[in-house]
Structure formats: structure tokens, C-alpha cells
Amino acid sequence: MSDRFEPVIIGFTCNWCSYRAADLAGTSRIKYPPNVRLIRLMCTGRLDPTFVLKAFSEGADGVLIAGCHPGECHYLEQNYKALRRYQLMTRTLAQFGIVPERLRLTWASAAEGARFAEEIATMVEEVRQVGPLNWPTRPVPRVEQASGGAA
Amino acid sequence: MSKPKFAMYWASACGGCEIAVLNIDEKILDLDANFEVAFWPAAMDVKYKEVEAMDDESILVTLFNGSIRTDENEHMAHLLRRKSKLLVAFGSCANEGCIPGLANLSPREGIFECAYTSPSTENPDHLRPRSAWQAPEGTLTLTPLQSVVRTLDQVVEVDYHVPGCPPESHQIAAVLDVLIAVVKGEAELPPKGAVLGAGDSTVCDECTRKRDIKRISKLSRIQELPMLNTEDCLLEQGLMCSGPATRSGCNSRCPNVGAPCIGCYGAAPGVLDQGARLMTAIASVVDEKEPAAIDKVLDGLPDPAGTFYRFSLAHSLLRANRAALAEKP
Amino acid sequence: MQRITIDPLTRLEGHGKIEIFLDDAGDVANAYLQVPELRGFERFCVGRPVEEMPVLTNRICGVCPEAHHMAAAKAADAVYGVTPPPAAKKLRELLYSAFFFADHTTHFFILGGPDFIMGPDTPVAERNILGVIRKVGLEIGGKVIQARKYGHTTVEIIGGRKVHPCTAVPGGMTKAISEDERKEIEKMGRWAVEFGQFALQVFHDMVLGNPEYLALILGDAYTHKTYYMGLVDANNKVNFYDGKVRIVGPDGTLHGMYAPNDYTDWIAERVEPWSYLKFPYLKKVGWKGFADGAESGVYMATPLSRLNVSDGMATRWPRPNMRSSSPPWASRPIAAWPSTGRA
Amino acid sequence: MEKVEGYVGNYTVTIKKKPRYVDEDVCTGCGICVEKCPVLVVDDKFEAGIGYRKAIYWPFAQAVPNLPVLDPDTCTYYIGGKGGCKACEKFCPTVPNSILFDQKEQRVTLNVGNIILATGWDLFDARRIPQYGYGRLANVFTNLELERMCNAAGPTGGKVVLRDGQTAPRTVAIVHCVGSRDRNYNRHCSAICCMQSLKTAHLVKERTGAEVYNFYIDIRTPGKEYDEFYQRVLDDGVHFVRGKVAEVTDIPFDPAEASRNEAGTLYVQVEDTLAGLQRRIPVDMVVLSAGLEPRRDSAAVGKTFGIACSTSGWFIEKHAKMDPIATMTEGVFVAGCAGGPKDIPASVSQGAAAAARVLNYIRQGELALEPVRASVLEEQCSGCRICNGLCPFNAISFVEERKVTEINAALCQGCGTCVAACPAGAIQGSGFSNEQVMAQIEGLLRNFAREPEVV
């Protein structure tokens, strides 16, 4: 297998549209890179920035958020909240040294299997250009031996 | 039976926690009556050597404030963990890294760059403090700074947490009462890992300002809001306030005097990342739908990371800027 | 070369350790006061909004956060080119003075002071606040606690919190004080004046009254003939909040006077490889090592130096029957004062 | 309907009942008052403006309750406040008198379990297309006016006549898709105007024997026996011109055309797309098949009932295909054209379906909810009210006394937006909880071999 960098991307999809777009892409045998690992949420409104930070800190190289087109949200307008959070997250993550290419928000209705697959392919390429993130793991307290060990 | 030992130590800290403990006023006598202060650099002349000579777990309770910035801080954390039965992360520095934790937003090298080449510094031969330096009379050592600030529980097991910058004196007094009751056998020890001296909601719970449904159309800075009134919620008047995502317990000190809450009591119970809570709370109530209009409102926050993680950067999920983390110790 | 290490320094704010090298005869060859602490405020304040400086920089020191709070607020005023309204200026001045009273009570009875109240020969374990209370008794100990309580309560009323105040913002203060609050502050203030005289009395009886201490203080160990720097108001009286910075030489002659924002013309900081802390000195005199005297740029910016550079306090003692002789510092700069404390 | 509070099974509805000025309990519906009332008023509601009614009148024959109502705007008793006439009161045989001139507006509160919104539709105002001349050219009618004309009980007794009320038209033009399928007005197809136009063509042909021209874009006959009816109308000899009418004018193109036709003839300018040529057809009468539009107040009504309107204004159903009569708010249903244009059979079946759903709830007495819900940890909620404005389903409400927020499980749809927004982490989702999602993230990234960095 080629040794080129294969980014790991966590995708958050919405149960009513982008998750179904992924299904449709699958059923219509559309090929797209396997780098994205999808997590289903009821709505992109459910996306908590903590999830994005968790993904990056656990080793993801990119995070994709895919929701319904504005105005078509199954819950009427909750994708607007996802949009606002995305815009604030991009600004904050920049100060952590995480470039905008690593966090992507896209809209894909249940019928847009092809478009969703294309969106994933583009993102995989972009993150491949940007390179691995390799966020260091979280320090774990070292448990001292009970006896008076060396300082 | 001699009194149980009490210790208070400060790692990378400012001494505010010590003053807050002294500010429990008369209750300091209860401390003296029920405990033998074994080690307290701010107020007692006990030296490190003497602490190392103590038996393990001979100190009943150690209030450890200050974050882990240098090797010495870490060494003392391990030492006091060994010597103390109960190690309490006391104050925001030990719990979340506090304001000095903001140094994690840029590589450690920047600290030396700024400090030792500032406009008021005459440093023609570019001297830098070094971990070991050969003086004519002998080698002098300085504990080196680590690449990023860490919190106490990222270095050693912590038994209890007392948040706040500094913890409010009435809360410290309450924690002291619990300790005294435990010592006298009148009360059980709280569950390990418990947060003491704080409420279980957020600052808004104790804030006396009127609150309404939040819809933010503009975020301004305090100097742009001379007409802030004392009745309504500051956030609703367009001033960024960290109250909604900051743990209660301080009786909403700052908002009650017209200043915004800056988040010093850390995250609400069970919350992993205080900054993320503030980010999502503010973003969700921005009253715009078009990306450009949303951006215009968000421009009211010139420093998002600094605002959302003012006190909890070192304990957040990401902990630091990528470049800072990448710097080898 | 024999070596004595004092690690850590205690009963002060901040970290420090002293390395003393003794020559073969056992005399001190050299001594180094090393500060092993550096948090990088100069670096991480870059990029933060200017109006947050008062609440970020006050975390430089938890014992004197009010000082950094005010300095940052005044700097922010200057950035916006605004002068706070008179009421705000008075509130800031009152907060600063209350802090000065509370902080000095802390220093006098808890930090540096115990060395003198308990005496240099008392065992180490006793030389602290708990020892002081045991020695002077609960009655006086209670007064000390009361003094600190009043000082910090005033800071809390004006500054919002006892430690790390939050009400100074660019252009003024976020909160005024009510008439009741003013009355309460006045009540505490009057009590504090009493306490001040009591503390002076304690100092006279326990320290100046004890020939052994007097010899120690006036001895050369504590005598530093250096430059003195302090803030003075328009008629050259001590002021804590505002005014010009006045510098006098070891012999009392005027070295210079400048507005605080011109400090880089007068002060420079020296870097030493064995301490994170830098060493400020008078630029115009120059760095001549850690030495006293008129040629060395080393200067003192302490309560003593405030008195040496000024014509006394701006306010007079309320009770005329204070000992008639004018305070000793009236004629020439006092060189001898225990300058422990500020590392 | 002024205010709706509560939730499914527990709605409190406040209704503003306008005064009828007739005592419902006493009036027998004899109609003498209507007979005696001297004031004649143009009825632009039921009679579509081509018929009259009295100041006191029946809204329409099958009105429920079947009682007259007095119109204060046109009754002389109220005009100028002089209290004149009172003929209806004089002749009313009931004791006590049914006419109550000073009856006041009432607030009625009802406790109901479910709500069915069958608020219907508005007719597209044909005046908005000036080139068709409705309201300017006398003999241009709307489909609703023709409906009343063809009705035997209507103002013309079923005879199709021109605006003068006597002369029967010799040639009639029927224009389809007026204000529908049109980017400038309504993009949607109003579903019923094709069939209605065919019916009008058939009736006009049958009653007047006139030459009838139907101008259409597509003939849409989706229902049972609909296309057969279309074939029959074709057999009647109705002319079908495929093209969108550009203009209806009474000005002849040139003197030659003027001489060929009488004054007052209307010329219909159209491009016949099948024949591929421009045509100007002289007719006596033009009937505009105006489309269906959402009620003007649908946005406000939607807000009152906590349901949403789509961008075009129709109420949004829970699911376009699988659940067309429920809405996102549990317990509120939509039936008929309020949800979108449809014909009578569809409206009737939706009405029945909505009633059946409601009966289901009433019989069961309890409600099966989707498992995914949000709930507030009361002791952790600080009452900061960040979440209060985030729920389009009004499931989030603020309890003023306890200064905390509450989520109504019946209304919550489980989208989780408030769970993700709560700054205090005080709102938990029963499904897709933080722990579950975080575990998935860790799981998905675990094989990404990285030991924890023990420093």
C-alpha cells in the first residue's frame, strides 16, 4: 500500500439528510475515500464543540460536519445553530494552530449521495495536503511507588 | 494525640490563594487549634529538605495551589503527593491552569523572547537564565520551564478540588469546617475526586440581574458600553460574560459590581471543557442566519480562545496551541 | 568552597532561593538570590484585549493584585487617551490606599514582621503569624485579624472582591459606592487609623525599645545606602495612586523626577543567567553590580524610599498629642530598614 | 384564536368570540329579520362579489350554527352611532328578542387535547396581473364568480351572463394557471384549477352553447374519472389552446379587427405553442382560473400554534410523505389546503385522517413518544436562559418562580440542539448522550495506535 499520508477524519452527520446521503452514495455504488468515519446525530444542532475538540485531541486529522441545507432542517432551523457554532469554532481553533481546512461544514440533502461523496473526497485531499495533525495525548498522572522513591 | 498535620504549598502561583486562606479571618484560629501547620512557605519557615525528611502520608491534608510550570513544581507535586494523605487541588491554577495557563497559546520560547528582550531590558550580550550556570564560586541551578503548563491532576492523583481564583474565603471556611468535622470524627470524608467549596450550578444561579431569552445581535467591549445598567443581564446588554458556563459558589461577585464574570470558578459539574460550553452557548444565540452577518457579530469577540479559555486552557481537551505542544522539553 | 542553600525563601510572595558561598575562613565569599519562577505574563498578555489587562495582570501577585489592577487600568486609560471621571479617580485612590493598609498589615504581622515581633533569636517554628498570636495574645491578634478584615472589606466594596479586584476598567470603574458603603468605609478607616497608631506603638515598644533589635537594624547588615524612588503628588507628598516618580540619591539630593509613562528613560532591567527575575536599575547611573552608593544604579522602591523622596505624608496624624518630636525621617534619608519581603 | 398554551392532551386555548348581535339560544332561524332588513350589501365573501346580502344575513346556506349574523359595518343602527332603523328587532318574533345590539366581544377559554388546523386557503387576487384586466374590464370574471353564477341558488339563478346580468356570452375564454406555476407570483401548481376550468367550460357550453376556449400549459387530471371528464369536454367541442395568455384587452389591434367585432369585445392575445403561432381570439367573456394561496395570516397563526410555515407559506407537515397531516408539534394537526393546494376528495380524506388520529389519542388517553428526548437537571440549571430561544417547538419554557428552565417531554422532538448549547451542561439527551458520542469518537480513533504520554 502506498506510504502516502492517509488522513483520519471524523464525520458528524445528521440522521435526516447527510447520513442518508451517505447511505445513498453507498447503495448507488459511488466510490469515495474511506478516510471518513461517520457518527450519526439526530441533527447538526446536536453537535457540541466538545465533540470536535475531542476528535482532534484523540488523533483525528480533520472533522467534517454535514447537515441539511439551510431551510430544510427536519427540525426547522437547528442547522443555523450548527453554522454559527462552526464559524466560532473555526476562529477559536485557529488560535490553537488548527487550520480551517481541518474543520469543514457542508450541507447535503438525503438525495445528494453523489455530492456528499464528492465533498468527502475534496476534504480528504485538502487534509492530505495539510498533513497529519498528530495532537499529543493527554498527560496521565504517574502513580508514585508507595515507598519514598527518589525525588 | 498530637494534632493532624496541615500543609499548603504554591507551585506556579501568585499567592492569592494564601491571602484568601488568611482572609478567613478569625477562623485561622480554628485552623491553628485543629491542625499543626507542617509546611506553608508563604507563612512558615519550613524548608524542602524538612518535607523530604517527613514520613510518607504524614501530612493529613495539603492544599496545593499553583499550576505545574517548572520541573520543580512537578517534583513538589510528586513529593507532596507522597507525603500527604489528602492532596487538594486548591484554586484555579492547580485545577485548570488559570490565567498563566494562557501561556500555552504560544510556544515556551516566546516567554524568554519577550521577557529578556523587552524595551526596558538592557541585555547586550543576550543573556538568558539557564538551568545550570557556572558561577565563580560554584554551579547555580534553576529549575527549567516545561514546554506547556499542566494542572495538578495531570501530574499526580488528586483527592479533592477547590475551584476559584482565588477560592472565596467563605467557601474556604466551609471546606475547613468539613475537614475539622472529619478530623473530629463527626463527618465522613467526601467521595474521592469531589469538588468542594463550590456550588453545583453556574454563576447565573446566584446572579441578581434580570434575565430574558438570549438573542445576541451585537457583542461589544466594556469600554464601548458606558450605559451598562445594574438590573439586566450583562450578556443581554451586549457584554461577553462567562457566567453561564462558570461554576457557582462565588455569589456572582463580579457581575454584581458591574463587571463581567471572567470564568475563574471553572466549569460546571460534569463538564469536560469549559471553553467549549462558552463557545456553543454564545454561538447558538447569535441572532443571525447569514454567514456574513454571523461573522459581523462574532467580530465582537476579538480573542475567542483567550475569552473562552481564560482560566481553563491547560485543562481543556486541546490543552495548548499545537506549536507549544510540539516544543520538546 | 562551602555552600549554604536556603530553599525555599519563606514568608514572602513568590519563589526564591539563596545560595551562600563561604570561603575557607568561613566568611561569605558571595551570595545569590535566585528566583526560580517565570510565568510569561509579558508573552501571553499579547493578543488579549486591553480592557482585560486589569483582571489578567492582577494575577501577577495575589498579595498586591490591586497594584497591578490599577497600573493596568491606568495604562488602558492612556491607550484610549481618557481620564476617568473624578469619582472614579477617588474610588481608585481609596481602593489603593485600603489595599496599602491591608497589605502592610499582612506584611507587618504575617510576612516580614514576625522576625521582629518575635525577635531574631526565637526558634524558627515560632517566627510566624501563629507564633505572633501566641506571643501578643488573642486580644492583639484579634486586632490584627480585624485590621486585615477591614482593609480587604474596603477593597471588596470598591473593587468587587477581596483578592483580584475587578472593577477598574478603561475610563473608570464599573461600580460606584452608596452612601451606606461610604459610611462603612469611613468607620473602618477611622478604626484603621487607631490601629495604625497601635501598630506604631507596638513597633516602638517591641522593636525600637529593644536595644538588641535596634543594633541589628542599624547595623550594616540592614543598611543600604542606595537611591530611593517613590511616587509624590504635586506638593511632593507621598501618593500611592498617581503623581510623578521622584528619585533621590543616597545623600538625599534629587536625582530626577519623571511621569510614570516615561519610565524607560529612567529605568533599565539587567538580566542574570542564574535567576529568572530581572534586576531594574537607574539607567542614567548605570549597572555597577549589586552594590550600594551613588555610583551604582541600584535603587529602592519601598515604603522607606517613598518617605525618603517626599516631604512626608499627604495626610497628617489626626491626634495632635502624637509624640512632639518630628518623625525621624524628617531630616535625612533613613538608610536602615529591614528590606526583607519583595523578592 | 388568540393564544394557545400547554401541550398535547393539555392545551388551553383562548378564543376571541366576536359579537353575533343575535342571541344564539333564543333565535329560531326563521329569517324574518333578514327579509325585513332594508340594507342591501355586496357579498364579496360567499357570493364572490356578484351577489348581495342584507346587513343581517346567513354567511352561507349550510353555515353552522345555522343562524344569522349582523354586520355592524353596514347596519344603519351602528353607522354614525345614531341607533337608527332596528327593523330586525321590531319584526323578530322571539321572546325575549333575539337581536342584541350591544352584545360585546367575549374571551372563551377551552381546554382541549388536540388541535386540527383546517384554515383553508385564499384565492389569488387576479388584479395582481394587470394585463388580464380583472377589475378593469367588466367581462373578465374569476373562477369563483363563475362558480356562483353556475349555482342555481346563486345570484343569477344558474344562468351564465355577462356583467350586465342579461346577455349570455357567445364566446368564452377560460385561462388556466392564473397566478400559479408562475415565477412572478406563486411557483406552486394549485392542483384544482385545471379540473375547475374543465367544469366551467362544460357548464358554460351546456348553458349558453357558446364557443369556449381553454388556454392551458398542461392539463392536469390526476383523480378518478378526471381524465374521462376531460375527454368528454373535448367531445363537447371545447377548443383547447396550449399557451399562456399574454394579455386580455378590449382595444382592437387595428381598424380591420374593430370592424369585424362589436364594441366591448375582449381580445385574448396568446401564443399557441402547438400550432407555433401568435393568436388573437375575440371573446365576449374571460374567466380567469385564479390559483390557491396560503392564508395571509398563516405565519401568525403558525406562530400561535407553535408550528412552522414553509418559505411559500403553507404549514409544514411532520413528514411530506409518511405523515402529511401531523406537524412537528405533537397534538397539532393540519388538514386540507392549509397544508398545501389539494382538491376536495383529498381535503376530505385528510380531515377524516386528522380526526382519526385525534380519536386515537383520545381513546388511548396516553401518548407514545419518540425515545430521544432532552431533559433539564434542575439543580444544575442556573436559569441563564441561553436555551430558551433555541426550540422551534416551544418545548423549552422558563419557570419564573424557581428561576430554572423546564423541557416539556411531549413537545420535545429530540433534536439535541439545547443539549449541545447548555453552558452548564445541565441538559441531557436520552439518546445521543455526550457519553455515547464521546465513546464513539474514542472508539473510532482507538486503532490509531498512540500510548498515553506518561511524563
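In this document, chain identifiers A, B, C and D correspond to the written order of the chains, with residue numbering beginning at 1 in each.
What we mean here is this: a residue touches a chain if its C-beta (ideal position, glycine included) is under 8 Å from a C-beta of that chain, and two chains touch if they have at least 3 such contacts.
Computed from a predicted model, the values in this text were never measured in an experiment.
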Higher-contact pair (C-beta pairs counted), B-D versus A-B: A-B
Centroid spacing, where centroids are CA-atom means, of chain A and chain C in whole angstrom: 54
Chain B-chain D separation of Cα centroids, rounded to whole Å: 61
Rounded Å distance, chain A centre to chain B centre (Cα mean): 31
Distance from chain C to chain B - Cα centre to Cα centre, in angstrom: 25
Chain D residues counted as touching two or more neighbouring chains: 390, 417, 420-421, 438, 455
Where chain A touches two or more other chains, by residue: 48-50, 54, 77, 81, 85, 95, 136, 138-140, 142
Overlap residues in chain B, where contacts from two or more other chains coincide: 105, 155, 272, 277, 280, 284, 303, 306
Chain contact graph, described as a line, ring, star, complete graph or other shape: other
Pairs of chains satisfying the touch condition: A-B, A-D, B-C, B-D
Chain D partner contacts - residues on chain B that touch it in the complex: 155, 200-205, 211-215, 243-245, 248, 267-272, 277-278, 280-281, 284-285
Chain B to chain C touching residues, read off their complex: 10, 12-20, 22-23, 25-26, 28-29, 32, 37, 41-49, 69-70, 72, 98-100, 102-103, 105-106, 108, 110-111, 113-116, 118-123, 127-130, 133, 135-138, 140, 142-143, 145, 165-166, 169, 221-223, 226, 228, 253-254, 256-259, 262, 264, 302-303, 306, 310
Touching residues on chain A, where the partner in the complex is chain B: 48-50, 53-54, 56-57, 70, 77, 80-81, 83-85, 87-89, 91-92, 95-98, 133, 135-136, 138-144, 146-149, 151
Residues of chain D defined as touching chain A within the complex: 308, 311, 316, 328, 372, 390, 392-393, 413-417, 419-421, 429, 431-432, 434, 437-438, 440-442, 444-445, 448, 450-455
Residues of chain B touching chain A in the complex: 52, 56, 75, 78-79, 81-82, 105, 150, 153-158, 272-273, 275-277, 279-280, 282-284, 286, 288-289, 291, 294-295, 298, 301, 303-306, 308, 316-323, 325-326
